[in-house]
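See structure below.
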Amino acid sequence: ASGKATGGGAGAASGDGVATGPGVTATTVTVSALTDLTGPYASFGKSQTQAQQLYFDQANAAGGVCGRKYELVVRDHGYDTQKAVAAYTEVAPKSAAIVQFIGSPMITALKRRIDGDKLLTIPMAWATTLLGSRAIQVTGTTYDIDMINAVEFLVKEKGITSGDAIGHLYFEGDYGESSLNGSKYAAGKLGLRIVEQKIKATDQDMSAQVAAFKAAGVKAVLVSVGPRQTASLVGVSLAKGMDVPFVGSNSAYSPQLLATPAGPALLKDFYYVSAGTPVSATNPAMQKLVADYQAKYPGETLDSGVPTGWSAAMIVDEAMKKACEAKDLTREGVLKAHRSQSSFGGDLGTPMDFTFFDKPASRSSYVLKPDKAALGGSVIYKEAEVSELAKDYPVPVG
Amino acid sequence: MDGLTRRRAASVRHPRGSARDQPVGTPDSDGPPELVVSEVTVRFAGLTALDAVSFTVAPGSVHALIGPNGAGKSTCFNVLSGVYRAASGSVRFGGAELTSLRPHQVAALGVARTFQNIALSPHLTVRDNLMLGRHRLTRAGFVSAGLRLPSARREAVRHGARVAEIAQFAGVGDVLPVPVGLLPYGVQKRVELARALCMEPRLLLLDEPVAGMNGGERREMADLIQAVRDSLGVSILLVEHDMGMVMRIADAVTVLDFGRRIADGPPERVQRDPEVIRAYLGDFGRPSDEHGEA
Amino acid sequence: MSGDAGRPGAGGPEIESPETAVPEAAKPATPETEGLEIRGLEVRYGPVRALRGVDLTVPRGAVAAVLGANGAGKTTLLRAVSGTLRFHRGAITAGTITFGGARVDGAPAAEVVRRGVVQVPEGRRVFARMTVAENLRAGALAVPGRRAAAARERVLELFPVLAERAHQRAGLLSGGEQQMLAIGRALMAGPSLLLLDEPTLGLAPMMAARIADTVRRINAQGTSVLLVEQNAAMALALAERAYVLEVGELALSGPAAELAASDEVRRRYLGVGAPDTDRPVGTGLEERAERTRPARWTA
Amino acid sequence: MAVFLELLVNGISVGAVYALIALGFVVIFKATEVVNFTHASLLLAGGYVIARLHPLVGFWAALAAGIAAAALVGALVEFLILRRAHVGSRGVLAIVTIGVDILLTTELTRQIGTEVLALGDPWGDRVLRLGPVTVAETRVVALAVAAALIAAFLLAFKFTGWGVAMRATAEDAETAALMGVRLGRVSLGAWAVAGALAAVAALFLCVFPTPGLDRGTTAAAMKAFPAAILGGLDSTTGALAGGLIVGVTETLISGYQSELAFLGRGIGDAAPFLVMIVILLLRPSGLFGTKEPVRV
Amino acid sequence: MSEPTPAPDMSASGTPVTDTDTPAAPAPGAPVPAASTPGAHIPAHASAAPAYGVRTRRVSRPVRAALWAVLLAVAVAVPFYLEGFWLQTGLFAMAAAIGAIGINLLTGATGQLSLGHAFFLAVGAYSYVYLSSDLGLPTPLAAVAAVAVAGVSGGLFSPIAGRLKGAYLGIATLALIFVGQHILFNAEPVTGGFNGRPVPPLELFGLVFADTPELVVLDVPFGSLERLWFLGIALLAGAALFARGVLRGRPGLAMNTIRDHEIAAGVMGVPVARYRAGVFVLSSMYGGLAGVLVALVFQQVVPDYFGMPLSLDYLAMIVIGGLGSVAGAIAGAAFVSLLPQLLTRYSDALPLVAEPGSGGVSPAEAARILYGAAVVAVVLFLPGGLAGLATRLGRVRLKELRWAKSAPAQASRR
């Protein structure tokens, strides 16, 4: 007989009358983070993981959940699909939830299995393709919502009017293309013309794209690419005398850019939209988080990953607490508990509604602006609000 | 997969006749056809390596092709074996016109050759190098070899035996398991000849077979070549600078100089031809004179 | 051809070189001979021992010939001197090699060349992708430009065809032309000891004769030559002293003329004599050929 | 039209950088007949040193240091690994360089971490205006440097003993040694030079219009492969031609991607490879590459 | 890639010449009568013979049979004991091994460098999905067809594959990767774009290779991984045996000769260009098969996976394993695919490997470094790769030191 004999003890009830599932023992609740600490998203992954470590340490210090202590298992897949799939296969059987999963290609590859495993998972990607699964909770807005809000921002505040052309520089892949959905939708509604430029993550030099935008006479540019490409784009545009506003998705900006030659250009007329509150925000929750984080990880960069990771951990923790009240820590129980929450948080991001899983949890996003002085390199330029368009935008699912 | 393998696979299913009664080698048992080289011209960037060269190799004869360095002998071989394309002229071997064929097609007609610079696979054993000589006579393709079909197995065994036989004959029988790269030059030359013989050729092209051998070895090789001609009844076209040997074993000699044919005929006559002496022999290889003896 | 025209010692008998008296092995190293001295040389290729206990001397300004069957170890001997054994995973496992009084065994090839020892490798080994001209330049890499130019003149006049083909890729030359190039390339370095490994390989008789004359000429100009040659007749005619290698050991050595006279050598290395009367002894190849003459292949 | 000119000029300017990288491949290939996958990490090494040093010692000193460092790394790779790898096949050596590249890149990216490092070049984001067309000054410099270096190497290979020795070694080390070539020095030299070239290329690869050096920088080296090949792996001229062709193709295709949408957007990256294939079909050893002399 | 090497690995030579030492040199000077030196008369090829007595005796049959039996037993037992993670890792290794064998036929045996192997994996994987879900072929048929499609796409490349050599071919094949990925991303109707597509589980004789319907064997729940495990074993074994047959048989000889001396191969009757293309097709079919297996394990195909690094991994595998040998390819594949998993899995237990996120060398990095180091180390210290090593050890254990020397070169060449 082998250790594998008798299936994975689902629904076994433990001493305290709490039904437990995989990843939950009498003393511990295991949650996992499938992150990227060595690949392209290393910085993001690192601050998220540390923030979550911080969260669970505090949670445990405060008594944990259901008389159990959290245990965070971290697996680094370095943004490699095969490693990610392998890592999931390893941690899934022994996890009660996945508090962080970076890399939409990897998540897409595993979507069906996650669903099948009923394993509450917080993806660190905001593509609409991740919607429509009960177990996967996309936090905040999706990329397309952000872009809709961005377009509306341009129209409201940057004097873009019907008939104008706006450029959209976006990555190949779901990040880029969900964003494009949004901008196209908004443009359609507002009678604008979108000039598309699709690039790969390996492209560094945006001269050609700028030339194309210039030729098309765009009045503004939406940016759904990585930080480096953003820097190149903005820098080149100004250098070539294309002085227009730029609005990026939340992954398009990183504070490190301010140190590069493109810094000044970014400070000039670049904005980015995000559902996540920037670390420079002045609400008490954020300030406490910042203080604790800096205490635990002195000298580490504070970027948007910190609040994002933190609130993801919080979401899972809340679900666990609720599930505990229902004395059901099975995966099903956790999911039910999670899906029962209709207005979540608000301090570290826009308020979210988890009751539907075929809609984004939130439709309102901040407009942020780079700022050398500010903590995390950006400040709120425009408070979060749901744009008219975003409100009744039919989100494509899956 | 590709045409090649499909065809092979097919022919594996129905081999030409059944393995026993039918010869696997060249079907005709009635001696080789004659080789007629006529008006062959080959040009390279600047120079004309062969200039309307013609000669005929009688069936079952040893025909020597001699001439100064750079006269065009190897080029001629390369044309015969399909490695070079002739600018003009024709080479007829039996019914076939060789000038239009690619090397493997020429080989399929039973034309085998050795190279002036040894061209063996240094890492493969002598046996494997010889087995390659059987390529044209065997049929196993990717599929049948991969699946180890009985036909492929039988083929391998049968031809393996023949290879051993030929190896013995060529005097490399006892180095069959040795990687060729380890053998000294002279032995490698023998292996080359053996490999050519393994093709069961009807026409054998030998490019300087005794280069790098000493007197004794040269003689052995000469005898070997004669033995090949006699017992296998192969026509042999021979390029060699060792006049002693040429005179001893050649039935006819063609002399090239600067790509032109300057003499043709039986050895004695050619050897006395003043033109040949001027262009090639010098005071070497006079009649009665064994190679280079002082 | 009369090889020994007016050159002392070539004929051998009358002038007794000291070696003939004393057994090779016992002979003490003679530092005053500024030439090449090989003592008790043993060479191995991994487990294969290719040479053993070889003693050989090439006095300055002399020509020595090495004969031997295929695989006897001639090339190995030259590799040992020129320091190229390591390219064949071989090594000197015993013995010494001195040239001009200094040890050269174990020295890297480039060093040996700089001492003036230049080898024409077996099998041409021209740089196929470089032009004839460039090959010649490569030959002169180790010498100053002026001398190179002069050497070039000499080589081209020696092998006019190389001048015609100056800009052809060496790889496309005919076998013989490549051989000429290989020799010419070596001469470019103006060596003080020239190691020739089968220089007449694949050369037409006249060209072979020309090589012989060349060897004689450069030797007259003071270059010593160690000649490995299958054309024993020519080799023996050129050399004062000859050595016969068999399966890695010295079988015979002595004044060239004497060896040339021995019927042993005549039979095995000159291949002289009517086939029927005396075949090469003991090779048994013909017998084997009779025994196993395969019939035409009919499965 | 203006657009076309703009794109063309940009293409050429990018091409210059690719040409510089390709030249690195060519030098190694000529000297050792090995396709050098380590080049990518040499780039990274050179760039990294420049980026780290320029705040301390100023740009030019940092550049010198970077070049020296990359040269050293190159030399070390040759001395510690390739010299000791007794393999017949050049293909295997190529694969070895892949291994080395993985080693170096991993360590370097670890050092670089998640930063985007500026190289502190004097040209900044200045651009030249040629009528309607604008082009970054860095790129103009790059073009000049590339042309100069390539000319230099062209001459070196043809006319210096070093060049002859290098090619001789590449073809037949043993015989080269018999010509008195000090094998060690030659290939060591070649690798050092390749390293130096990599550093120079890294400079122009990481300055404006690109934001700076980061772990992603190596990806650009990939694009130099088609450049080196379609020009002819053993031809310095080819490196230049190839670089420009790749640069121009890439830029034009991405610039006109809206017009070419039917090909699928983002074909800019694949296009150079398609061009390469076409050229190789016509000329199996590239535009200027020498083809193997075949004869037996 | 295919330049002939001057002399093969010298460790590959026979018993020392000492076996055939000739009597001491005769008295110098005066030439000696023939009779007194019998040894002298043996012509080289005859006398050399004993010097090359390369006895290639193999491990005795029963021992071999036993080894295989044990191996089989283990292979069968594994899914009953190891958890899903290991099975999956094992399956990746098997898929890799199949692909590696394929590229080894091309690169190792024929001397054709290919960096485009990942493309053929993609073709295999996507064709399987497309044929089964869109054209509704029965899945086993779809799998076979997918392999065929991979072969065809390899064939379409034959104008290149047949004409180009070495480095040029290697980099030309890079085009397959980049163009291929472009197609994968853009031909959405077929490939599903960046999302990729779900992979329908294979259904063979009523057995579905998926988690449902439930299946319990010896009260061990058999999920998709457990089931696929056996499929993987079968496919790998088949692929390996086939490749072995090809290499040992007539085509293998032709391939080796093309590698060593193209013109000679032609003159000996080998249609060189056609063979080159043929081998390329064959190896792409292996790639295709590997792709199908990978797809079945992934359950979802995504374009990102089939990138440049994958191709490089395959080259690394065959070098680490030992060029030209089937066993080597398998060993290399196992090494390359297991190493990172092991390290990530046991990172906390390992010295020098730091917690992810903390400053030190993270498991992933450690894996990369070891991987790179392995490639280098093998070439420097293990000519013949792991396979060569295995043969050596095997010989040593079997007290056949004398032949040990002769093993690697031959083992690694054919």
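Order as written gives the chain letters A, B, C, D and E; numbering starts at 1 within each chain.
One rule holds in what follows: a contact is a pair of C-beta atoms (placed from the backbone, for glycine too) under 8 Å apart; a residue touches a chain by one contact, two chains touch by 3 or more.
None of these values were measured; they are calculated from a predicted model.
Undergrad: How short can a chain-to-chain path be from chain A to chain C, counted in steps between touching chains?
TA: Each step joins two touching chains, and the minimum needed here is 2.
Undergrad: What's the farthest chain from chain E if centres are computed as the mean of the Cα atoms?
TA: Most distant chain from chain E: C.
Undergrad: If every chain is reduced to the average of its C-alpha atoms, which one ends up farthest from chain B?
TA: The chain farthest from chain B, judged by C-alpha centres, is A.
Undergrad: Suppose each chain is reduced to the average of its Cα coordinates; what separation in Å results between chain A and chain E?
TA: 41
Undergrad: Distance-wise, how many Å sit between the C-alpha centres of chain D and chain E, to the nearest whole number?
TA: So the centre of chain D lies 31 Å away from the centre of chain E.
Undergrad: So, what's the distance in Å between the C-alpha centres of chain D and chain A?
TA: About 37 Å, centre to centre.
Undergrad: Compute the distance, rounded to whole Å, between the mean C-alpha positions of chain B and chain D.
TA: So the centre of chain B lies 47 Å away from the centre of chain D.
Undergrad: Give me the residues of chain A that touch two or more other chains.
TA: 38, 46, 172, in rising order.
Undergrad: Using the touch rule from the top of the page, what residues of chain B touch 2 or more other chains?
TA: 74, 83, 115-117, 119, 171, 182-184, 186-187, 216-217, 220
Undergrad: What parts of chain E, by residue number, touch at least two of the other chains?
TA: Residue numbers touching two or more other chains: 5-10, 13-14, 43-46, 48, 185, 263-264, 267, 365, 368.
Undergrad: Under the definition above, what is the set of chain A residues touching chain E in their complex?
TA: 1-7, 35, 37-38, 45-46, 49-50, 53, 74-78, 80-83, 85-87, 89-90, 93, 105, 108-113, 116, 129, 172-174, 177
Undergrad: Where on chain B is chain E touching in the complex?
TA: Contact set of chain B toward chain E: 1-5, 81-83, 102-104, 106-108, 112-113, 115, 119-125, 128, 131-136, 138-142, 144-148, 152, 155-156, 171-172, 174-175, 177-179, 181-184, 186-187, 190, 195, 199, 216-217, 220.
Undergrad: Which residues, counting only chain E, touch chain D once they are in their complex?
TA: Interface residues on chain E, with respect to chain D: 1-3, 5-6, 8, 107, 111, 113, 159-160, 163-168, 170-172, 174-175, 178-179, 181-183, 185-187, 263-264, 267, 308, 312, 315-316, 319, 323, 361, 365, 368-369, 371-376, 379-380, 383.
Undergrad: Please name which positions on chain B make contact with chain C in the complex.
TA: That would be residues 19-20, 22-25, 29, 44-46, 67-70, 73-75, 116-118, 137, 158, 162, 165-166, 168-169, 171, 182-187, 200, 208, 211-220, 223-224, 227, 230-233, 241, 243-244, 248, 280-285, 290-294 of chain B.
Undergrad: Can you list the residues on chain C that touch chain B in the complex?
TA: Listed in rising order, the residues of chain C that touch chain B are 1-3, 45, 48, 67-72, 75, 122-124, 161, 168, 172-177, 179-180, 198, 201-209, 230-234, 236-237, 260, 267-272, 275, 279-280, 283, 285-286, 288-289, 292-299.
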